[in-house]
Each structure stands twice: as structure tokens, then as C-alpha cells.
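Read through the structures below before going on.
One chain, subunit A, appears in both complexes that follow, with subunit B as partner in the first and subunit C in the second.
For the complex of A and B:
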């Protein structure tokens, strides 16, 4: 077993065994349960079109995925530094790059756990419609690309900041900036600038792709541009993570 | 005759003049942080089999030096050779030859001790069986059947587990940063015995960074004193002890034997009362001085060092140092 896979395994075990992660997944399950019950039983929400209900649930899952990604990415190096465990990892023969990508592996693992948890809820709200399976696969693709990009950014921040608090603070600000176009009004988003922001913002690309697949029932070929931009973001962030890993602050 | 000193270490092969092989050579090491100079031309040499005491006040640059030697921090200037090879040419392979017990040796509190060793073993490509883990834990004085998470361990237990972790890859060189910091006297003594055992039985070269002089006197054969980023003294511990005046308190079996016309070179009487003498030893090693006294007909029953030695050397070379 290579050092990298040993570290990824440890990170994943920590994810399952540490109380923080268990609380997060309990919180995520609770939130999705409440939302699913409301979508089915609430007088107003139950009037939503089936595709709209599935779309709402997938956006909740994406928001939760972004949250756990920001938390774990910020904790990646800054948390280890705060817990004084970073130096002993540096002493091992594992390269800094290996260490950074093991941390990213942990983030992806958490995303996969969250994705697996969300499937029953998506089924509960969307089993009677025709967009259940497309919503599951597009959630997986957009979620994975978004988690790679956000997780990479949070890890880069974590590698260079002195404390977990400052890493979290900066990562949350980056996340809010990326998510802010979602609160723009519909008319503003229809302008040239609005459309440009929608296109270059990976968070908006994820939401618009899900919207296009789940609500508009458009095929995969309609999503290539947005998915391509998200993939490009992920690749650029991974390249920067590779560079930043050489200068992880002790 | 009983000699009450601070308890020197068991001397290994390198104390009796065998060929010394240099395992770490540092020449003109410089490092600064945000313009503030941390190391200013540090040069030192560690020989194979040494337990090398790296002394200095807080903020003198000890930890920075060790981190640079471990390849964790880059140096600004200077040459470092580890096991005969330039540090920059080692890459990640250095981790297989050298290990360390950093001062900030955090633990994964959710693991138990055996899991912790198994995890670090795997990082080095070593598969530890249950028996291996148990024997390694026993070696450092930990109960191998203790399956409680590390978060429940006392500081001493964590220190022992840290040492077991640092030994996981059977390193040729072990760097220990404040290994007995915060331990009670018995815990410190146990750690001393363990480190001496590892040095004599396994032949591990050690660098111990500390400002606890008792650790140095019990463990080290060579020392360096670092202050304000510069090496102020480097040499054998025995040399440092005989470098300046030392005062000894002697008890003789027969008070009549104390001669009134004292004429022993390098030894002068400071105070004499009944069967007790306070002597100042200048330019001689304590052992040589005691031998001279016995040869001069003094039936010495007890000897105790009261001033001088490492502590005074330390204060002399770290004068003006302030805790940062």
C-alpha cells in the first residue's frame, strides 16, 4: 500500500470516526429529511412541479457539499497545524504534493458520503417524475467538479494561513463571492453582464446545469460548455494546489 | 569513595577515541523570518554514535536548526550534509534515515497507541503485526494492552508514544526537541534510560535540543550552545566541564590528614572545617583532581560538585539572552 493511499485511508477513517464529521452528516440528513417532508406534505411546496422539487433538493445537496468542502478544506493544513500534527506528517517520506492530494481525497470521500446520503431523499421527492435519474447523474458530475474546485481553493488557503480561523474566514468569503450571483434578480441575470457572470462562476454553472437537465430536460450536449468551464476551474485549482503544496506553511 | 556528581551518561564507543564518522555537518547556516535573523552562520558537526546536546535559551534558533536539518524548512544560506550526502540531494528519502520527536508532536486523539504506530509504519512502508506493535510499546514502557484512545493518555505516556513513533523506521539519526519537557523527575529519568538504551544498543546518533541541563549532563557526550542564532560553544561535554574553575566539596575519612602546607597544582583550598574541605579546581578535570588528592595522601570518602561545570558554562555563553 503506498504512503498516499495510507494517508487517504486515515483521512477517510478520521472522517467517519471524528465527532465533527458525524455531527455534520447527522445535520445534513436532518436538513434533507425536513426539506423532503416539507416538499411532500406542505400545502404550498407540494404544489411544486415534480422537477422543481427535485431541483430544490439537488441545490440543498450542492449547498451542503460546498459547506463540508469549505470546512474540510480549511481544516486540511491549518487544522493539522492547530492540532500540532502537521510537523510529524512532514517527517514521513510522503511528499508535500502527496499530502495535499490525500487531503483532497478526504474531501471527495465526504462528498461521496453526502451524495450517497442524498439519493434516498431525491428518490422520495422525485420518484413519481421522469427526471430522477438525470438529476442523480448531473448532481454527481456537477457536485464532483464543484467540490474539486472549492476544495482545492480551501486547501490552498489552508496551506498558507497561520490558523484554522483565518483559513475558514478567507474560504467562506471566497465561497460567498462565488455564490453571490445566485441572489441576483432574474432581470439582472438576463443582461449581458449577468449572463457573463453566470457563465464564468463555477457555482452558477453547477446550478444552471442542474436547472437545464432537471427542469428543462435538456440533454448532455447542452451542458458541455458549462461543464467544460467547471472542469477548467477544477484543473486550474488543482495546478495551483500542486504549486502551493511546495510551500505549505509549518 | 562515593562521587556525587550530576550523574554522567554511560560512555559509548566514541568516547574512547575510535574513528569518528561525521553524520551531520552544518557550515555557515543562515535563516531569517520576515527580515528577522534566526540563524546567523551556524556551523556544527555531529559524529556517529553521539548524543549531541543542543543547548540554548528559548528563541535561540534550536528548533529552526533542527527543522532545516530535517528538510522541513529551507535554509537561506549554508551547507548541510547528512550521512555524507548534501541535504538537497536527499529529497523524501531522508525520511527513511532520519526521524524526529518534535516539540509539538501532536497526536491523533481518536486512534489507540497500536493504531498510531501501525499508521506511521504504513507511511514508511512497514507492515506492523499486532506482536510488533506490542513489543514496540513495551520497549518504551507503555502497556501494550491499553486500547484507550490517545486523547486519554498522560503527557508522559504521549512522550513515550512519540519516541516509539520516532523509532518506527529504525532511523540512523534521531532528533529530539525538548524530549523531557513537562515530565516529572521519574518520567524524565525513564526517558533518559530509554534514550541511553537506544543509543548504546541500537547505535542511534541523537541530537537533543533542550535547555534542561540535567538532561544534557545525563545523556550527552558532546554539546553545542546556541545563542542569538550563533554557535557560542561546541565541544565534548567533558571539555566544557573542565574549561573553567569548579568548586568541589570533599569529605575526608581522617581530618588529621588535611595538610596545612597545601601544595597541589590546580587545586586550592577555599574553606576547611573538621573533615570537610571546599576546594577550587582550576584547569584540571574533576577526575584528575580527585586522583591528585588521593595521591597526596587525602583519604577522600565523598566528593560533590558545588559550582562550575555545565551550568556556569551555559550561563557564560548565553549571557544577555532573554526569553522571546
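For the complex of A and C:
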């Protein structure tokens, strides 16, 4: 077994077995449960169509995935540096590039666990309506691309900053900037600038793609541009991660 | 002669009728628009098609007509326009040309996402005329239908966190015993 796969396996095992991750997954499941119960007990929410309920649930999943990605990515190198374990990690036979991609593998694994946890909820709120299966596969595609992009950015920041606090601060700001257009109303986002921001922002691309597939029942050909932009972001970030990983400081 | 005409009531009535028809014709567009609602009860989640019929009853070809749908909520005390995007409805249609006597029929589909009283109308805008032509408002009721299944949501909402708690509890116990 190669050193890379050993490290990825170790990181994934840590992800499942560490108390921090256990609390996060419990929190994620609890949050989805609260929202699911609200859907049937709150009068306004109970009037929602299945597709809209599924869309809102996928939005929660994407927000949670972004949050855990930012936290894990920031912790990737800066956390090891704070705990003074980075030097030991560098003594492993893996190259620094390999280390960076093993950390990214852990982030992807967390996303897959979160995605798996969300499937029963999506089924519960969406199985009596339309577009359940398209919503699951489009959540997987957009979520994976978003996690690759955000995780890569957080790891790059983590590699270049001295402390975990600084890495977290910068990564959270990046996340808030990317997520801020979602707070704007639909009418503001219909303007020329709003449409452009919607298109270049990977987080908004993910939300709009899910909206288009789940609520508007639009086909894959409608999603090519947005998915292409997200894939481009992921590729650019991976390239930068590759470059940044060569210059990780102790 | 005028005295002769006025003494004939039938002739007077005919003249009045003809004059009023001429005046009415001057103020009426040769474009007619009718919107028909689908037959039967409409329920949340249904995707009915409203049929729009645009007729050119004039003598000249009408070009570049814009036809658009408007949806309003007619709930007493909560009347408001409804965003058609949420209802997955086609918003507008362009008719490049409509020959004299030609009829354009188009089905306007929408997904009914909320119960209540609604009205829908079709408007035709001719860029060369000042006044758009609007169909009669077609009222319709959307019956409420429970979209979310309580019997599916509760077991998942309660079951998954409990199952996770049990699983993670087992992991923690195994860790303390040194098995993991």
C-alpha cells in the first residue's frame, strides 16, 4: 500500500473516530432533523411543494458541507503547526504535495459522509413528489465540486499562514464573500451585475444549479455552463494547491 | 326627408346601432385574446395547462406580438402578484407574425405550488399600438394537498440522530477499551 493511501486512510479514520467529527455529524443530523420536523409542523413551511422542500434541504447540506470543509481545510496545515505535529508529518515518506492531497482526500471523505447522512432526509421530504433522484445526483456533483474548490482554498490558506486562527479567519471571510449573494433578494440578483456575480460565484452556481434541476425541472444541458465554471474553479484551486504545497513552512 | 326618417322608429334604431358599432370598432383592437382554464379540480402539485388563443380579426398582418401571462393571488386580504418563476410557468411568448384571420393557440403550463384563490390573464402587446389587449381574468382555486409525508419524515428525523448517537457511543466505548 502506498504512503499516500496509508495517510488518506489514517486521515479518514480520524475523521470518523475523532470526537470533533462525531459532534459535527451529530450536529448536522440534528439540524436536518429539526428542519424536516419544521417542514411538517410549521404552517408556512408545510405548504411547501416537495421540490421546494428538497431544495431547502440541499441548501442546508451545502452550507454544512462548506462549513466543515472550511474548518478542516484551515486545520489542515495550520492546525498541525499549532499542535507542533507538522514536523512529524513532514518526516513521513510522502512528498508535501502528497500531504496536501491526502488532506484534501479527508475533506472529500467528510463530504461523502455528510452526503450519505443527507440522503434519508432528502428521501423523506421528496419521495412523494418529483425530482428526488435528480436532486440527489445534482447535490453530489455540485457538492463535490464546491468542496474541492473551497477545501483547496482553505488548504492553500492553511499552508501559507502561521496560525490556525489566521487561517480560519481568512477562510471564513472567503466563505462569507462567496455566500453573501444568497442573502440578496431575487430581484437584485436579476440585474446585470447580480447575474454576473451569480455566474462567477461557485457557491451561487451550486445553489442555482440545484434550483434549476429540482424546482424548474430543467435538463442537464441547462447546467453545463454553471457546472463548467465550478469545475474550472476546482481545477484552478487544485493547481494552486499543488504549487502552494511545495512551499509549506514549518 | 329627415322628418321622414325620424318618423320611422325601425330606421332610427338601425342608424343608432350602426353608429355605435362604428364608434366601438374604432376603439377596439383587431387582436382578440382568450384564456381558457383546464377542466376539473386543481390541486397543489398539479401541472395544468391554460390554453391561450390569440386571434387577428383585422385586415392587416400583425407582427412581433408579445404575449405574456400574469398570475395574481386573489386570497381576500392578501391579494398580490405571484412570481411565475416559482410556479415554473412560461412567462412570455413572441409571435413573429399573425396573418389576418389567423389564430395562434398556445398551452401555458404551470406547476401549482400553493393552495388558494388565483386569477390568471393573458396580455398581448403590439409594439405599434398604445394599448395592450388583455384577456378576461380566469379565476381558479387550488385545493390544498398534503405534499409532505409525515409518516416518512418523523421516522427519519428521529431515527437518524438516535442511530448516529448509538453508533458513535459504540465507537467511543470501543476507543476507551482500546479496541479502536
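List of remarks:
Keep this in mind: the second predicted complex is superposed on the first by the 250 of 250 C-alpha atoms of A that agree within 3 Å, B and C clash if a C-alpha of one lies under 4 Å from a C-alpha of the other, contacts with A are read in each partner's own complex, and residues count from 1 in each chain.
The rule is short, and it goes like this: contacts are C-beta pairs under 8 Å (C-beta built on N, C-alpha and C of every residue); 3 or more make two chains touch, one makes a residue touch a chain.
Being a predicted model, the structure only gives us computed values, none of them experimental.
When the shared chain is aligned, subunit C comes close enough to touch A:129, but subunit B does not.
In the overlay built on the shared chain, the residue A:17 is in contact with subunit B and with subunit C.
Look at A:175: by the touch rule set out above, it reaches neither subunit B nor subunit C. In the overlay built on the shared chain, the residue A:233 is in contact with neither subunit B nor subunit C. Once the two complexes are laid over each other on the shared chain, residue contacts for A:109 go to neither subunit B nor subunit C. In the superposition on chain A, contact is made by A:33 with subunit C only, not with subunit B.
Between subunit B and subunit C, C contacts the larger number of subunit A residues. In the superposed model, A:53 makes contact with subunit C only, not with subunit B. Of the two partner chains placed around the shared chain by superposition, subunit B is the only one that A:83 touches, whereas subunit C remains out of contact. Under the contact criterion defined above, the residues of subunit A that touch both subunit B in one complex and subunit C in the other are 17. Against subunit C, in their complex, subunit A makes its touches with residues 16-17, 19, 22, 25-26, 29-30, 32-34, 36-37, 39-40, 46-50, 52-53, 117, 120-121, 123-125, 127-129, 186, 215-217. Residues 44-45, 83, 85-86, 88, 111, 113-115, 144, 146-150, 152-158, 160-161, 164-165, 168, 171-172, 175, 180 of subunit C touch subunit A in their complex.
Listing the residues of subunit B that touch subunit A in their complex gives 67, 70, 72-73, 92-93, 95-96, 99-100, 102, 104-108, 110, 119-120, 122-125, 165. For subunit A in complex with subunit B, the touching residues are 1, 3, 6-7, 10, 14, 17-18, 80, 83-88, 90-95, 250.
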